[in-house]
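Two complexes are shown next, each including subunit A; its partner changes from subunit B in the first to subunit C in the second.
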Partner chain A sequence: MSAGAKRETYIIGAPASVWLIVLLVIPCLYLLFQSLTPLSGSGLSLENYANLIESSTFQKALRRSVIVSIWVTILTVLAGYPIALVASRASSRTRTIVMVIVIFPFLLSAVVRAYGWTVILGENGVVNDFLVGIGLIDEPLKLIQNTFAIVVGETHVLLPYMVLSLLTVIQRIDRNLEAAAMSLGASPPVIFFKVVVPLTLPGLLTGMLLVFSLSMTAFATPFLLGGPRSPILTVLMYQYAYTLFDWSKATAVAGVLLILGLGFVILHRFVSRRLMRDAEAKS
Partner chain B sequence: MAEVKLTGLSKLYGDFAAASNVSFDVESGSFLSLLGPSGCGKTTTLRMIIGFEEPSAGDIFIDGERINNVKPWLRDLGVVFQNYALFPYMTVAENVAFGLKRRGMAPAEIKHRTSEFLELVGLPGKEDRFPRQLSGGQQQRVALARALVIEPRVLLLDEPLSNLDAKLRAEMRFELKRIQSETGVTSIFVTHDQEEALTLSDRIVVMNQGEVITVGNPKEIWEKPTSAFVADFLGVENIFAPDSFESGAVNIGGNRFAAEHDGQNDRLVGLRSTDIEISETGASGFAGRVRQSSYRGAINTYVVDVPGISRPLYVSTASDLPIGSDVVLKPREGAILILEPDMEITAA
Partner chain C sequence: MTGQITERVWERPLIAAGRIFLWGSVCFWLIFVLAPVLVTVVSSFTAAEFLTFPPKGFSLRWYFRVMELDWFLTSMQTSLIVAAVSTLIATIFAVLAARVLTRHRFRAKGAFEILMLSPLIIPGVVFGFAFFNVVLQFRMEGWNLLNLFVAHSVVTIPLMLRPIWSSMAGTDLSLEEAAQCLGATPWVTFWKITFPMILPGIVAGAIIAFTFSFNDITIAIFLVGPGTQTLPVQLMSQIEYTPDASPAAITSIIIFFTLILFFIIDRTVGMDVFAQK
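And now, the complex of A and B:
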């Protein structure tokens, strides 16, 4: 890039950069600073974090966040592969239909989506009505306002990320590799695990990291579907800040989330760079 | 080793017949080529044998067993693709071992067989390389080893030499022939390259527009192409309608030449550019005028206008002729090919 072009890039990027620094970077740094300022006394200390880590509410929320994210990641992988395979292999018409269905949750507000799940999973919801109706259960199951509901809702929201990550790599697979494997005696399941999965690993890892980190940091869906008794980290932070007005704990939770988020970004960049390098070396 | 028999094999996509009524036999241990231009149905036919396409009609037999409904991964066929199709994340040894592992062979036996076949294809000691570390020719050798190591009933080759550069292609052609005769595996080879088909095959099936045009050994196909399409595809430069036919003769440019004519008057005449004698003052022959020439070293090719023939004739000769000179052309004895008119002859 010539010096002139470089300067142009800076000029074009300047307004956005100022915007981001003022509205994102400075608040984040201020928040971190706050989290390091103890309630009593002055100076910086890790007191807020120490208090937080000792609290069993935080421990439970952290555990719930991780468990939810692991489940959501597993479920989006399990659902994502078949959808991505169908979408990449089907006729263009079928592909369009599948993609519209997959992308659709993106276009809805989180509140509408959550309400939809309440209609389906609620005490008088479709699922319970059906199960009671056929006599399988006597009492409605508790399917909402708990961890289960968060997992269901988050899987629904985050599935498109997984499908799109997988789709880009699946479309690049040389179909002759599958044909070669088949001629050598590999049945379709064997082809999937021995050929498709290894070749789609970069997309799979991207999707998993994306889904996991987005699930860790999601707020609206867990807030609406999980309810106040099963908070994950983000919901806990909200409760500390707006229900209990305990700003020191709230900023500490925010600090934890910020560090986790950064950690995922760095991990993702590291992993994808490695995979890119491998892919380049291979081609 | 196995023999292959196709009877009335067809593949329809809606109204379009990618292959229609394809029938031929491949003798056990022999090498057969499916030759034709792109879109002639040769690859579709191959894919039906492999099992990637389901035939719309017709049957495929291997050793008398109808395999139409046998799953592709149970057909015991070795396939080599144009783009090698090696698994990029596996070493050479792992690639070759892939089919053996699916057959549940013991690891020690797999190792032994893998190095045995790498030796056969001329790549001993390359077990731990990755495909990306090998040249195109070497990758195709690995693909060949991978297909042969499972001791397939039939080896199917889909334009395996087309991705290689000219020199390597010639070398791999000999290698392919050597490996095929050493293993004695029944082989079906798909190609659009007449030279490959001629040098490698025991038999050639020429296809066009989904149909089999002719079947024969290389010598028959080369020396006595039966139709205009086959002749054109094999590089017969001059195909044209003569003045008229007589029994046992054909009239060209007002002269009578002996030819094995079958009595049908709609036939075309084929003449290779190397089968025409050209001189500035010939006694017997027909007259023409040199329009264009191209220097090709040992042999020059001339484009000669001949009155009465709709398109100019191509003539190859070692002698030097100026453009615009009047010449006399004479087909060599027995060189005139009488061809079925299965192709449009367009004026040049």
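And now, the complex of A and C:
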């Protein structure tokens, strides 16, 4: 490579690199550094993290984050398989309709979705009006500003990710395998669990990892639908910074979230590479 | 042999049941996806004083009402400015980065790629807080608009990079070489040859980046000031105190414009751009 070409690479590559290093990488490192410097003493220590882990607020928020993410992962899998199956097998017209409906919410603002769910799940919302109307319940149920609402809202946000991960692997399945299983007398449920599920395992695992990690680090929807009394980790970080004015705890939660986010990305890369290699080795 | 045939006969209702179950669950989940959107849009046309579903009567009164709301108009304006400026900044960086990734070979390419995609790796709320933390250190918290421009341009770079990258990778390098052989300067070559070829990628990327910035709460919540509330942040605080249908009208307006942008993407580069994450 000539010196001129090399210089051109630097000149073209520099602006975006400098922009992201100065404005994203350094602020995040600085935040990590702050989380490691306690107010009381000097030097680096894990004191902020120790205080954080002891506090019951943090433990509750962590537990809530994990529970919400597990539920969201389960629900998106339950929804993702039928949708991806139908989208890959139906006529191109049905497929387009299904995909438009599934993907369109990608561009939808969290506040728009949250408002929609408030109209549906609120105290005078559609669901409560209906249930009270048919006499099933006397008092409106509390369906909003709690963990349930976060699960509903996050499932709505993350469903397209699961559908797209499953769709890419389902499309790759050789239809002859199913025909073979059918001719040997296997019923559709048996074919689904014995043929389709094992073959889509890579997409399922990477999709589950993606959904779980995005759910663990999501802020807007849990903030809007969960309310101040049921914070997950991200909301707790915001509360520490803005309503409780506990900056050192806020930076420690941010550190935990940063490590979680990076950990999931590394795990995701590792798992998808491993599965990719296995799939290639088999075929 | 006979055993198998009777088995098949027995299975027929089972197969039908399975098919009904499959389509039933697909319908259920599609309704689940559409429900918050449909309910909001339908109830925005209510004629009543308070928001109800199903709406009582039909009127456009809430749409006329929100057009007179000061907070709606000013925050809408702020959001449009922030989204436009940050998309423009991100476009420049993303085009340059895509060029480096498709046309150049160097040792740190892997690291460069990870750096360009790092805004997707770092949780948005952590970036918002980290950025705000630095803004405070420099006592820049009063410069709300500037902070929003910069922060949104950072997170939208990878969103724009993906479609621009793939459209640039698909272009024919020999066309650029031919132009240069015929005496065109690199600048002219870019504008006359490369730019038209990657335009669909830029349009798709710009739409995704613009909508991201326009919709964002996670980062904006740290950076807005009293005079520079963006629409989603302002809407969020107004919803609590507004039992009438004006938020429904505003969200319906946003949904309408989102739909238009969605169909532009579908027509230019296709929905596949969303598949890459």
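Methods note: the second predicted complex is superposed on the first by the 269 of 283 C-alpha atoms of A that agree within 3 Å, B and C clash if a C-alpha of one lies under 4 Å from a C-alpha of the other, contacts with A are read in each partner's own complex, and residues count from 1 in each chain.
Keep in mind that, in the parts below, contacts are C-beta pairs under 8 Å (C-beta built on N, C-alpha and C of every residue); 3 or more make two chains touch, one makes a residue touch a chain.
In this text, all values refer to a predicted model and were calculated from it rather than measured experimentally.
After overlaying the two complexes on the shared chain, residue contacts for A:244 are found with neither subunit B nor subunit C.
When the two complexes are overlaid on their common chain A, residue A:183 makes contact with subunit B while staying clear of subunit C. Of the two partner chains, subunit B is the only one touched by A:198; subunit C is not. Once the two structures are overlaid, the count of subunit A residues touched is higher for C than for its counterpart among subunit B and subunit C. Of the two partner chains placed by the overlay, only subunit B lies in contact with A:174; subunit C stays clear of it. Look at A:39: by the touch rule set out above, it reaches neither subunit B nor subunit C. Of the residues of subunit A, those at positions 185, 187 touch subunit B in one of the two structures and subunit C in the other.
The touching residues of subunit A, counted against subunit B in their complex, run 174, 176-177, 179-187, 190, 194-195, 198-199, 281-283.
Residue ranges of subunit B in contact with subunit A, taken from their complex: 50-52, 71-79, 81, 83, 85-89, 98-99, 102-103, 130-132, 143, 146-147, 150, 156. Across the interface of their complex, subunit A is touched by residues 4, 7-8, 11, 14-15, 18-19, 22-23, 25-26, 29-30, 32-37, 39-40, 43, 51-53, 92-94, 96-97, 99-100, 104-106, 112, 115-116, 118-119, 121-127, 129-131, 133-134, 150-151, 153-154, 157, 208, 211, 214-215, 217-218, 221, 232, 235-236, 239, 247-248, 251, 254-255, 258-259, 261-262, 266, 271, 274-275, 277 of subunit C.
Taken in their complex, subunit A has these residues touching subunit C: 1, 5-6, 8-9, 12-13, 15-17, 19-21, 23-28, 30-31, 34, 78-79, 82-83, 85-86, 98-120, 124-126, 129, 155-156, 159-161, 164, 168, 185, 187-189, 210, 217, 219-220, 223-224, 234, 237-238, 241, 250-251, 254, 257-258, 260-262, 265.
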